[in-house]
Structure formats: C-alpha cells, structure tokens
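Listed after this line are the structures, all set down as structure tokens.
Look for chain A in each of the two complexes below; its partner is chain B in the first and chain C in the second.
Coming up: the complex of A and B.
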C-alpha cells in the first residue's frame, strides 16, 4: 500500500502531509510524557519485527500479494500513540533507506498506515472493551487495512478528479478495486495479528498491557 | 524460502490496482541507497539490515527523549 512518487496530485500530497504531521506530533508528545526505560527494548524490537514482517508477502490469489502492515499489532501492544510512533519510524526508514514509497507521497503513506490504520484499530478495540481478544484482534486488523486502503483509494480518486485525469485513478474503478483486494489482504493481516496476540496472551500476557501515552494504564483493558 | 519465491514476484493491492488501470510508477524523486533485493539471499540481507536500522533509530529516539526528560527534572 506504499504510494510511489508521481501517482497523486500535488494538492493531495500536500493534504497528506498537512493531516499526518500534526497527528504524529501529538502522538510523539503523548508518548514522550509516558515512555519509560523498561519499554525501550520492547518498542525497538517490535518496530524492527514489524519492519521485517512487512517484507514478507503472502499470496492472496489472482497474482496479487499482501503483507502485514502491523498497525493493529502495535496498537494492541503499545496503545494507539505508541503505534503511531512505531509505524512512523518504520515508514520513514522504508522510504529513505529502501525506497519503498515515494518521498513526496510519504505524508500520504504516513496518513494511511501510521494514522488511519492505528485509529481504526483503536476504535474496534475500544468497542470490544477487552472482550474476545482474539476475535477483536482479527476484526481490528481487517478494519484497519480496509479503512487505510479506503483512504488510499479516496486519494487516488481525488487526484484523478483534481488533475482531470493526469494523476490518480478514476474513483469508479479505484475504490472498488482497492477495497476488493484489501478486504482479502485484511484477512491475512487479521490472521497473523490474531496468531501473535493469542500466542502472547498465553506466554506473556503482561505484554498486552503496555499503553504508551496514557497516564495510568489499566491492566485489564486493552486500550 | 518457498513462500518467498511463490509470492515475491507479484505486486500488492495498490500495485495491482495501478497495473489493472494502466498506471505505472513514476520516477522516484529520492534515490534510496538500498532496495529490498531481487532474490532470496539479498532480501534476507536487506531484512537484517532494515531490522538493525529500525532498532537503532527507535532506541536512539527513546534514549534522546529520556535524556531530555532527565535534564528537565534536574
């Protein structure tokens, strides 16, 4: 879902930066206030692990693949603000060091995968209120991928409209195609996240209680 | 390894959407020093490199943050 350079209208690229940066700055300030020494290695390993997991593509049929985004996993382990920080670091490194996603489109990529996906996950997790952790992790992952893909599809459609077809893809085609593929990719994301969360709940349940950006974490509540 | 070989040649959801609509990737504005590699061994190497870079950046970020916090409290 990494948007390359030259695909979107410059106005949409600017809008991506304008929306993503204040949200990320807010998340960074929230994490700054609450992070402690004991969480440093865990955050670093989680971020590095998600980076590697994003490199592993799984086939979803029809000659298309998906890969883990990891936003929901990070939300469940670090809270929504911690997830935004971790996803931001990963996306910036992917762009600057590995050329995955265009540098002009980094704002949009941050918006989709480091802002929309964590908040979408957080909504589902909050609605579940700590019940049915495995099912919640699956639903939150699926919803996060589909919503992030919707945001990407909307950007494609708006780019097409604003530029009279010079950028983006016609929304009539872009929106159903993006949603169709990502509805399937979201199942893969959901299964992987559910597997990791279920495993951690058994072997290290305390890892599911770290919530950065909150003054007083509540051990029994996931978000 | 077989899993990688099976899926790595195909595009993801966005790439597939672009392909289906005859849209190709533009020239990158920023030339990154590395890519994910063309085969299993180079991708493995890049995965290890990426893992280390992300770990160092994340640890550095939090340590800088902590030292600033300590300065404020002193």
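Coming up: the complex of A and C.
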C-alpha cells in the first residue's frame, strides 16, 4: 500500500499532506503533553517492534504472501494517539531509509496507514466496548486494512479523474482490485493481530494497558 | 536476515555523494521530485529519468542495491502501466512509468548516499519537532537490535520444522507467526525498560546533544545548482518554452 512518487496527481498529493499533517500534529502534541519526553525510548522500541513485525510475511495462498500493517496492534498497545505517532515514525523511516513509499506521496501514505487505519480500529474497539476481545481485534484489523486500502484506491481513482487520465489508476480497475486484494490480506492481518493480542494477554498483560495520550492512564485492560 | 546495525547505510560511506550536506541533498531531492510529479511531457520525463540514472551511476552505489530497493515500487509501476494502457493511452502509460521510475531513483539516490543520522540532523535543522526526531533516532537504532533477535527466533522456528505455511487457512502457521510477533514485542518491552533505565542513569533527560558540523561547501552549491538548473530545464520543457527540433 506504499504509494511511490510520481503516481498521483499533484493536487491529490497536496490534499494528502493537508489532511494528514494536522491530525498527526494533534496526536504528537497530545502524546507530548501526557507523556514525559523521557518516555521516548520506550515508544521507540515499540515502534521498532511493530516495524519488525511488518517484515514477517504470512502466506495468502497460491504462493503469494502479505505482511502486517500493524495499525490495530499499535492502537491496542498504545491507544489511538500513540499509534498515530508510532505509525508515522515507521512510515517516515521506511521512506527515508529504505525508499519504500515516496516522499511527496508520504502525505497520502501517512493518511492511509497512520490516520485512517488507527482511527478505523479505534472506532471498532470503542464500539465493542471491551467485549469479545478476539473477535474485536480481528474485526478492527480487517476493517482498518480495508478502509485504508479504499482510501488509497479512492486517491488513485481521483487522481485519474482529475488529470483526465495522466495520473493515478482508473477507478474501475483500482477500487475493485485494491479492495478485493486487501479484503483477503485483511483476514491475515486480523488472524495475526488476534493471535498477538491473545498471546500478550496470557504472557504480558501489562503491555495491553499502556495507553498514551490519555489524560489519566486507566489501570484496567482496554479490551 | 542478520542485519548489522549500519547495514542499510553500508553503501553511503563508499558513495561519492556521502560527504555532501544532507540539508542540500534533502531539499534538492524533494524539489526535483516535486517538479517531476508535475511533468506530463514525455521528452521531459525521459530526460528526468536519464538524469537520475546518470547520477545513480556517478554516485557509485552498487546497482544490485538500487535494484533490490527499486523492486519495492515495481508492482505499482506495472499496475499503473497496464491500467493506463488499457483505460487511457499508451503515451500516458509510458509517461507514468518514466515519472515513477525517475522519482523513485531520485529518492533512492538520496537515501542510499546519506546515513540516517545525517538525514536526521537535516530534519532537525528544518525544524521538525524534537520529539519526532528523537523518536526516529531511537526507533532506527532499535530496529536492528530487534531484527537480530527475530532472525534468531526465525532460525529456532526453522529448526523445529516450521516452513511458513501455505495459505490463509493454515491456522497453525498463523498461530506460530503471531506468537513470534508477540514474543518480539514482549522482548522489546523488556529491553526498552532496561535501555531506558540505562539512559536515565547516564543522565538522559529527553534532549539530544550532537556536535553540529553541517556546513555548505562549494560542492554542495554545485549539487544544488545541478539539480535546480535541471529542474528548471524540465519545467521550461513542460511549459513548451524550449523546443527540441
């Protein structure tokens, strides 16, 4: 889902930055206010953990593999604001160290994977209100992936329409392909998130209580 | 996978652009990519691609390294080319291929000739919030620790006969993968606490002090001149101010 440079219409690129940046700035300030600056190494190693988790491939079928995005996992570990910050850090490193995802397209990539995906998961988690933890983590992951993919597909389709076919990918192709593929990938994401959360609940339940960016940290497990 | 801590930056030091000012490199690259993003003229795009290829060749970064990173963008290039060809025109299809390739090469040129710590210094100079920079710095450092840890776990998994599973219905494989990830997170959590304590005992208060040695030299000015001059040429070609007849 990492959009490279040169694919999107400049207007869409600009819109991506314009929507993503204020949300991220808000999340950063929220985390900055509630978390002591010296907690930075702590968040960083969780970001690194999610980064490394993204490198593990899971089988999809027919020899293809997918990999985790990890937004829902981040929301469950760090809360919605913490996860926005962590996902932003991951995407910036992927762009500036590995050249994965473009630098002008970073705004759109941030919007899809660091804003839309965490918010989508947070909504599902909030709706579930702590009941049926496994089902919730599966549903939240699947929903987050599919929503992020549809945001990406929409940006591709809009680019195509806005530029009269010079940029992006025609919506007739982009929307069904992106949604179809990610509806499948999302199942893998859901299964893994579910597995990780139930594993952590057994082995290290204290890790599920580190909500960042909340006024008062709640002692109970969020889900 | 066995990454060493600075393995991603391993070609930066051998590159001819290594000692160039990271602020200049970053700004020039972003400017160039922005210009390329707006180009539609096929000749201009072709020239942009040739320009980046010449620079990549001149930088002395091994081709294999560039190709292995370039492949990450390849699905998008192929997907865009095929759908453009089918739903728009061949000219647009070729143009989008050139545009993505030129931008990706320009970005790869920047990232593979600049160590991440230099990039961070540049970001700090461009007033990116300190908390974000520190977070980037620590995350970058920890990634390699965890990759090492995970490659050991991967070996252990393999030694016990795990083959990676076949498809989404292979729940056993998913159980193993998610437990691996869970374990990576638990270990990183434990490690984070230790590192944090170690930092505190060394007087860490949250701010980072580095010896700042960023200086713009003549070669940086030359680099900027080359990039900006070439971008202006591309813009004028797009605006049809320059004709090639």
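By definition in this document, the second predicted complex is superposed on the first by the 206 of 223 C-alpha atoms of A that agree within 3 Å, B and C clash if a C-alpha of one lies under 4 Å from a C-alpha of the other, contacts with A are read in each partner's own complex, and residues count from 1 in each chain.
Here is the rule we use: a residue touches a chain if its C-beta (ideal position, glycine included) is under 8 Å from a C-beta of that chain, and two chains touch if they have at least 3 such contacts.
Predicted model only: the values in this text are computed from it and were never measured.
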(request) Label the relationship between chain B and chain C on chain A in the superposed model as either fit or clash. (result) clash
(request) Return first, second, both or neither, reflecting whether A:40 touches chain B, chain C, both chains, or no partner chain. (result) both
(request) State whether A:149 touches chain B only (first), chain C only (second), both chains, or neither. (result) first
(message) Just checking: does A:191 make contact with chain B only, chain C only, both, or neither of them? Give me first, second, both or neither.
(response) second
(message) By the touch definition at the top of the document, which applies to A:182: first (chain B), second (chain C), both, or neither?
(response) first
(message) Taking the superposition on A as described, I'd like to know which of chain B and chain C A:67 touches: first, second, both or neither.
(response) first
(message) Residues of chain A touched by chain B versus by chain C: which partner has the larger set?
(response) C
(message) So in the superposed three-chain picture, is A:173 touching just chain B, just chain C, both, or none of them (first/second/both/neither)?
(response) both
(request) Name the contact category of A:199: first (chain B only), second (chain C only), both, or neither. (result) second
(message) For A:110, using the defined touch cut-off, is the partner it touches chain B, chain C, both, or neither? Pick first, second, both or neither.
(response) neither
(message) After overlaying the two complexes on chain A, where does the chain B footprint on chain A coincide with the chain C footprint?
(response) 2-7, 32, 37, 39-41, 43-45, 47-49, 51-52, 55-59, 62, 85, 89-90, 93, 95-100, 102-104, 169-170, 173-174, 177
(message) Which residues of chain A touch chain B once you look at their complex with the stated criterion?
(response) 1-7, 32, 35, 37, 39-41, 43-45, 47-49, 51-52, 55-59, 62-67, 85-86, 89-90, 93-100, 102-104, 149, 152-153, 156, 169-170, 173-174, 177-178, 181-182, 185
(message) Which stretch or stretches of chain B touch chain A in the complex?
(response) 3-4, 6-8, 10-14, 16-18, 20-21, 23, 25-36, 43, 46-47, 50-55, 57-59, 61-63, 65-66, 69
(message) Quick check on the complex: what are the chain C residues that touch chain A?
(response) 1, 8, 29-30, 33-34, 36-38, 40, 69, 72-73, 76-77, 79-80, 83-84, 86-89, 92, 95-96, 99-104, 106-108, 111-112, 116, 119, 129, 131-132, 134-143, 145-147, 150, 164-171, 173-175, 177-186, 188-189, 191-193, 195-196, 199-200, 204-207
(request) Provide the residue numbers of chain A that touch chain C in the complex, in ascending order. (result) 2-8, 10, 13, 28, 31-32, 36-53, 55-62, 68, 77, 85, 88-90, 92-93, 95-100, 102-104, 160, 165-170, 172-174, 177, 184, 187-188, 191-196, 199-200, 203-204, 207
